[in-house]
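One structure, pasted below without further comment.
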Amino acid sequence: MNYTLNTEKEFDLIAIGRACIDLNANEYNCPMEETMSFTKYVGGSPANIAIGSAKLGLNVGFIGKLADDQHGRFIEQYMREAGVDTTNIVIDQEGHKTGLAFTEIKSPEECSILMYRDNVADLYLAPSEVSEEYIQKSKILLVSGTALSKSPSREAVLKAVNLAKKHDVKVVFELDYRPYSWNSAEESAVYYSLVAEQSDIVIGTRDEYDVMENNKKSTNKQTTSYLFKHSANLVVIKHGVEGSYAYAKSGEVFSAQAYKTQVLKTFGAGDSYASAFLYALVNGLSIENALKFGSASASIVVSKHSSSEAMPAAEEIEQLIAERA
Amino acid sequence: MNYTLNTEKEFDLIAIGRACIDLNANEYNCPMEETMSFTKYVGGSPANIAIGSAKLGLNVGFIGKLADDQHGRFIEQYMREAGVDTTNIVIDQEGHKTGLAFTEIKSPEECSILMYRDNVADLYLAPSEVSEEYIQKSKILLVSGTALSKSPSREAVLKAVNLAKKHDVKVVFELDYRPYSWNSAEESAVYYSLVAEQSDIVIGTRDEYDVMENNKKSTNKQTTSYLFKHSANLVVIKHGVEGSYAYAKSGEVFSAQAYKTQVLKTFGAGDSYASAFLYALVNGLSIENALKFGSASASIVVSKHSSSEAMPAAEEIEQLIAERA
Amino acid sequence: MNYTLNTEKEFDLIAIGRACIDLNANEYNCPMEETMSFTKYVGGSPANIAIGSAKLGLNVGFIGKLADDQHGRFIEQYMREAGVDTTNIVIDQEGHKTGLAFTEIKSPEECSILMYRDNVADLYLAPSEVSEEYIQKSKILLVSGTALSKSPSREAVLKAVNLAKKHDVKVVFELDYRPYSWNSAEESAVYYSLVAEQSDIVIGTRDEYDVMENNKKSTNKQTTSYLFKHSANLVVIKHGVEGSYAYAKSGEVFSAQAYKTQVLKTFGAGDSYASAFLYALVNGLSIENALKFGSASASIVVSKHSSSEAMPAAEEIEQLIAERA
Amino acid sequence: MNYTLNTEKEFDLIAIGRACIDLNANEYNCPMEETMSFTKYVGGSPANIAIGSAKLGLNVGFIGKLADDQHGRFIEQYMREAGVDTTNIVIDQEGHKTGLAFTEIKSPEECSILMYRDNVADLYLAPSEVSEEYIQKSKILLVSGTALSKSPSREAVLKAVNLAKKHDVKVVFELDYRPYSWNSAEESAVYYSLVAEQSDIVIGTRDEYDVMENNKKSTNKQTTSYLFKHSANLVVIKHGVEGSYAYAKSGEVFSAQAYKTQVLKTFGAGDSYASAFLYALVNGLSIENALKFGSASASIVVSKHSSSEAMPAAEEIEQLIAERA
């Protein structure tokens, strides 16, 4: 089974949301207290997905707000050089800062993130900074859940979704739940369900769907049954090392195993999964193959130091799939 | 043409949103600087509509949050004695205050309101305080736009709308736009359009629809054409003294003239209109007659000192309509 | 013993701090829930003291910030007509509101106040709005403790005190403690002690001195011993119906009984006390007589409906003292 | 001329204020956009002064609040191992973060700092967390101006100064002005002058004294004349490469030249100056020699990569002074 997209559109995918800085510990298997130096990468789920899918060859744009400082300028330049169209990135004029994530890798199982997300520029994207003309040029609008956590970014995303639906742009919702940014689980549930009901494709982990459903602990069947009553026609639910499932509104269910690898850290798995999965859909591969693309890409990124810089080329993904077939 | 409602439900109407205090100048035709005393009434659009429709005989409930002080207790008691079910009113535990509106009546054409709306209790209604069991018991959920202006009241209303749609409760959206409460016109447009798209009936002035459409200055035809693409099947647009129109999705258009009266002040016109209009719909009157009920009720209230206390009985409305026929 | 003031100065007293609106229940001995109408008066401790001492005949100025609305204009006009120089009152340009106090008089012993003090204009007085030229023209700068509760009013007062000391203006500190406005008792203690240490005369209730000393429960002797180590040379401590004491740095102690009266409500007692006490000092009366003036004025105001409007003339005070001698 | 300190006290110096993280670019002479890795150091003026003077051999304590995370734990451990008593450091329980300073060294003349100071733990130190028992044990309380920029840290410092004066602890005020943290220059002036008037020794650059005087552009003579009217008896004014001056209340003036060096960056110059200057005073050196110690220490630190880690031992300072004599 394939997924049909409007082929008349200039961009394959436009992502909206945060782009920030990861500061990854140069020492592995070490508590951060003892880490003395950090390497800088572009981070943030929608930025990573944009970079990852641009590296795979998609025609990608990005809507977001960056701090007017050295970190903001680094991000814009990095994304542009990775092939992402940055013409709709807005520069913050009110002194907000770039979000930071210091990563700590005590062991492959014990990774943690120390976040700086107070008053970050990405959450100040305003509805007026979202261009109808730009969004309608894309096959897919990729929305990241974290962008819904605060106003005015929340309203900017709600407007973008509204515009996408008006112009036959498929809305792909990557749940990307970060409790840190939200006031309450209940507030998260309100906005997650609101946007999920308006989305064509929803992608997330089982835990993230539980957040969307205000912790009702549904089965995949209950979750998909709920979403299929609204706009969704494809729902991807990831179960970590146990693999992932894609449910189609038609009733078909597809699954893929996770590819074993030498895991260095778990960061970046979801973003690389989404970029490769969407790359496959855009290129007309079957949903079954798209799941394999997602799994293979995630497997490659978790074995490397960064999330964005480590995003693989299509050949690497294809080679891994072929090797493990 | 009639409007079909689910007759199995216990409540005719449950309103959600603010209930506050009006302090009406005891002197008429006088600047407030010279007003030395004020009379206290219950106020706030959804509270007024609940009181007005309860007085007309509907079975009415209310969801809202009141300050834990003398003003809050006065409001609860007044609404209860007017026949409104107050079991789902929540008492604020965090020291928020009751909203206030000092009214100034310089002349019938020059009325103004001095609002106290900073950190008012009604805007702290939380999603967890909205009961699914309660909402599903009603034929109609009446939503007032001002309740969308701030979190967490905004999320409480979005949740209530979601629950209403899940349980076949008609969503009636009274636009009730108060610029004072909003951060920006653009933010208003995002939430007004979001809720209007999910509503069965939308009621507002032409100016309020312009806010919903982010000041595009549409014609009534353009506005209704947009709304009928979504959930709405009845759209009421009020043009002040020029009368009001009801547009049905079926294509029918109904209109009613405003009833001339000795205007004392313009406050309360919209709330009395909505309560009488909905009373008529619930009682199976034609939409044309419902418009007359709305106009007649508004005409009665603008000739009296208060908004809530002045809400007429059904006989008064019927008598006015008969007299002017 | 008399108190020496610089007689070269144009103003007898300049007060700094809040001026707001009292809304006094028209019904006495009645819970506010049942009160249906309210009468409007100017209120706020420093405004009341300014009005009270102007009515007694002092040459009085006022520094404060008023809302740009009907309530603000009423206050300015009332104070001006009461004889207070209002040229240094600033009009707020940022939409802040006038503080409100709804008073409830259940019985003479059970009076309560329902305050509206969120984002009120008076607390937005900025240091730049305090004029060195103006302050140096006064014999006395009267500071009210509540003005220290929030920035930037806090900094405006700290600047005013600094300027007063620079120009040989006596600083009189009316403790006027309102827990509502403060973040914590500890924060109150920091600023109360900071300003008390810089003041020439301190006036307050025993409870208010306890707040200043971070609830150490000192005796009057301990409190005055602490204050006399700094700038103070006269400390007035009020013990309610048990009367009041004035401690001079020289070691002399004076006391006065409270005058019995038909108490209607307790509001306004402290403000009328301070205005009459300072009137007496400025007019060269002995400290002992000044205490009597304070007590007599308080006795008159607590028997009347308002705080500001009820401020007595000098003859009324003198007559009461004579009658009770 | 020597400076007399109470020799009975257990600690030579207790510093109060911020301790945070510097992230210094590993590449020199490079815009931060191109810097790919950063090294982590303890930073923040009072923390640097505490570390610097502990390394020189003083008995030093620190009062401050640290984030409950990896950065906070690193800071506590580093300071403790450098010999600073950390028993009065408090761990934040409300999720505040450690302040960050990314440093960029484009050239010795073009250094800039990218600060993360929103809701940082150090500014949440509360008055109740300042121990009277601890402060009274020290010869010197070192106050850094930045700790006055926000509540409740502001009140914690005002309380500490009050306690120091009560217990014969000399208050040394390092002006340490960082415009980023303040609401307005005028607010800064209010608190800078308030604390400077209560301090025994004030240390700052000419520009920082201008901030204290609300940009009046005084001469050193005017500034010292103002401060000597209050508590100060020693005022150090630094003029960058032109050297520094110490003015004693007795009228004596001392000066020292800056020591030329290969400047790598300008950060840390003031902190190393203060720690060596105070080390010399505590050890009974003349004020003239103390100025030399300050200059020499600054000269050493500006030639190295960090501020805290680079703090010199006494022998290095003495050797530099001897070489350049």
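Letters A, B, C and D name the chains as they come in the text, with residue numbers starting at 1 for each one.
Methods note: a contact is a pair of C-beta atoms (placed from the backbone, for glycine too) under 8 Å apart; a residue touches a chain by one contact, two chains touch by 3 or more.
Quick caveat, the model's predicted, so the values are computed rather than measured.
Chemist: If each step moves to a chain the current one touches, what is the fewest number of steps from subunit A to subunit C?
Modeler: 2
Chemist: Give me the step distance from subunit A to subunit D, shortest route via touching chains only.
Modeler: So the least number of steps between the two chains is 1.
Chemist: If you average the CA atoms of subunit A and of subunit B, how many Å lie between those two points?
Modeler: Chain centroid spacing, subunit A to subunit B, equals 41 Å.
Chemist: Just curious, how far off is subunit C from subunit B if you go by their C-alpha centres, in Å?
Modeler: 44
Chemist: For subunit B and subunit D, let me know how many angstrom lie between their CA-based centres, rounded off.
Modeler: Centre-to-centre distance between subunit B and subunit D: 60 Å.
Chemist: Going by the contact rule already set, what residues in subunit D reach two or more other chains?
Modeler: Within subunit D, no residue touches at least two other chains.
Chemist: Which word fits the touch map of the chains here: line, ring, star, complete or other?
Modeler: ring
Chemist: Which pairs of chains touch each other?
Modeler: A-B, A-D, B-C, C-D
Chemist: Would you tell me which residues of subunit D are touching subunit C in their complex?
Modeler: 126-128, 151-152, 155, 158-159, 162, 183-184, 186-187, 189-191, 193-194
Chemist: Where on subunit B does subunit C make contact in their complex?
Modeler: Subunit B residues touching subunit C: 23, 26, 31-33, 35-40, 69-71, 73-74, 77, 97, 100, 102, 104, 114, 116, 118-119.
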